[in-house]
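Lettered A, B and C in written order, each chain numbered from 1.
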């Protein structure tokens, strides 16, 4: 996206959606405007993060990139916690995971595959990613199986402890992939160009972008209940498809662009890496944040959400583990996404 | 099978089972005779299809082979739909899938492996087959999970839509494996010899064989209810083991023969390819056919059927994904088949 | 472990725990003493088995090693059967399987990986092990799914038949891995040094060690009920974690030692091989033994146990199938073990 268009679009849409919010315009107008603003702001936040990461040096930079990569989702999520909308929140986390694995990766493989007959990427990284996906499944699946014999208090304890363990596991993964085994996985890390701005400007823009995502997310979340009712949509569908697609827009365009430049490793890293981060870092952090809001969210996802995540992981693992993709594998991922979309809509 | 024996056996058994049917002989006699006739007729149909495919040229021929390969099952299935025997039909589809993966492939690997220490085949094809198997699991599993919150009308819609998506996915797979990535997978395609008959004769024989399978299937299906009751068998066992073994006899002998000639790739392609075709093409087509019969069959399989298909896919995936087999892996597949047979019999 | 320390420790602890048992000392004292004695006796039994195996020659020796490897578990298990404590027994089998896969293998990979950047082992063996693990899952999962429609008599029949099939499958695996395909898998077999004792002494020690494990196991099992009640622990937790860790202590130290000598293939073989043996040989043999005790144990595990075994197999398969490990993969296994420990404790 050209910078001028991005900045202009962001400024205009931010102002418009602010006006729509404070003058209590029609809910649909508010929803559409704030959604568009988040798309722009997420792109801007991504660019600012990358720029700050550049100045921070390799290691801290990688960490910043990894932790700010899902900042938009995180901020939307905090507003959902504040409003106690745990069901929509879990649905949106589910949606972010399956959206990255199926829609983002599926489009990347399909469009990349239409241009290049076969696209290869680092098998070692694919194998580690697959194992981390299995950990994510385990960490979400086990609490759901055992919860029926637990008291609410025990469920809270379990959720907090499992969340803590996953955060430690994720930090150790950053240590592994960015320090001790950096070189083994290095050629797959997304290459960053020159930073767009000076160090000082970058930091200011990072703060500014975060603030804008924050405001707009609050406006967007405020419209959800009415949107859900008016169109007869389920919270599950709104969270898992609408919010997730909006929150992940930045990853979508970045991954597809990489795939079409034949950098499939980078596309896989963006899509799969982002999914893993949500399951192993963002979701646990949200549980701990909810504890400080005084109402601990548990780690127990619904059967529907677990089924969706499980099949998304299953098909992604099967497709990515040979370290090579061709267009039909993108079709497979998209087919599973469409099937899930249909059943989530019907339920 | 020598041609003379095949033709003579078919002619005699067809006449006998016709007599048995129209003179209302003992049900067991009718059942046995029509089962034998279907075995012969399936062999004849397979040969006729192959011969027509030869004259049709590479691409159309491949398509014909793929779509007529399960013609016997398809015809039996249509008679089951006509009689509204959806439960036996789904059980027989389940049986065809697990029979091909476990019994046909298991026998091929075991018998091939007793002759050759290690048998190799194309890893790329194995990997694609595995991903398609995962799609099959997903497409059967997701509707079963979500169905409990759907109205009958929504279930019908979902079944039709998912069926349509799977047919598109399967046609794209044919495009991928027979057109755009033909060469990458080519050495694994079953080699066909000279056609047995002239073009004209082949087409006549194809029509004739299809008609014979059709008649005999109707006779066989007519005896099922009484057979089931008299021997105290469950519909699940009859559909998943008896009908499936009869309907897949042609694949059995073909795959084992290939394995014993050290063409394991061809054996895998017959067994796994046939399974995939049933799950991703035959079953969806039957759902759409049932819609035109005025009583839409849904895509919701029972827990038992899903469990059987899931474990069959799981063990086949595990065994085939390294592109190499030895005798013990055939034992593993057969062991799982026997365990499933026992529990299906007991239930 | 130095031999002198082992023998001295065994003699002293055996005498002390015998006194504690026969003078009806405090239950906790009895429990702790007999647990310590079993740790020593298991080490002694392992050494005696290895020494006898050496004199028995390659093939019979391999068989002896394989079947005596889990002798301690087997003997504890027989006393649990005698007392009709089927629930604790199944929990302890579950615990042995997940303990070997997650704790033993996890520690080996982590500690080995801290010393060596990457550790490799035979991919063919890893692939076969993975397929056997899938068989184990199938054999435990299928009966649990189908049991709800079976009468108790049918459940017993099914359990006995499935047990018989698994034993045959395991014996064929020994034939495969030790006779027909020995060389393909040979470099991965644990290397044994010189035997510690003469042939005659070895046999006497084998009998002696077996007897000591037997006595102490009975004493330990006698204390379990009170320990469980006094500390408010569930049978599930006691069986799956306490008993399993005690019964597997020998494997723990052996596997970790191998990993730290960069013999990861041997460590994997001990941990995964032991797990497979329990699922495919020890558990089925116990079912058949229970039949002769007049009260057939069924093969139906609880949902919790199946979930634990399934996730342990899933993550182990994912980590081991590329034939290479690094420290972070050990972390992943341990994380899953800790998560399971927490939920088993809370339930």
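The rule we apply is simple: a residue touches a chain if its C-beta (ideal position, glycine included) is under 8 Å from a C-beta of that chain, and two chains touch if they have at least 3 such contacts.
Protein names from UniProt, one per chain: A, B, C = Ca(2+)/H(+) antiporter.
Here the structure is a predicted model, which is why all the values come from computation and not from measurement.
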Copy-to-copy rotation for chain A and chain B - C-alpha atoms, rounded to a multiple of 5°: 120
Copy pair chain A, chain C: interface residue numbering same or different (half cut): different
Cα-centroid distance, chain A relative to chain C, in whole angstrom: 41
Residues within chain C bordering two or more other chains: none
Parts of chain B lying in touch with chain C, wherever the complex brings them together: 117-118, 303-304, 307, 311, 314-315, 318-319, 321-322, 324, 326-329, 331-332, 335-336, 338-340, 342-343, 346-347
Chain C - residues contacting chain B, complex: 123-124, 127-128, 130-132, 134-135, 137-139, 141-143, 145-146, 149-150, 154, 157-158, 161-162, 165-166, 168-169, 172-173, 176, 180-181, 184, 317
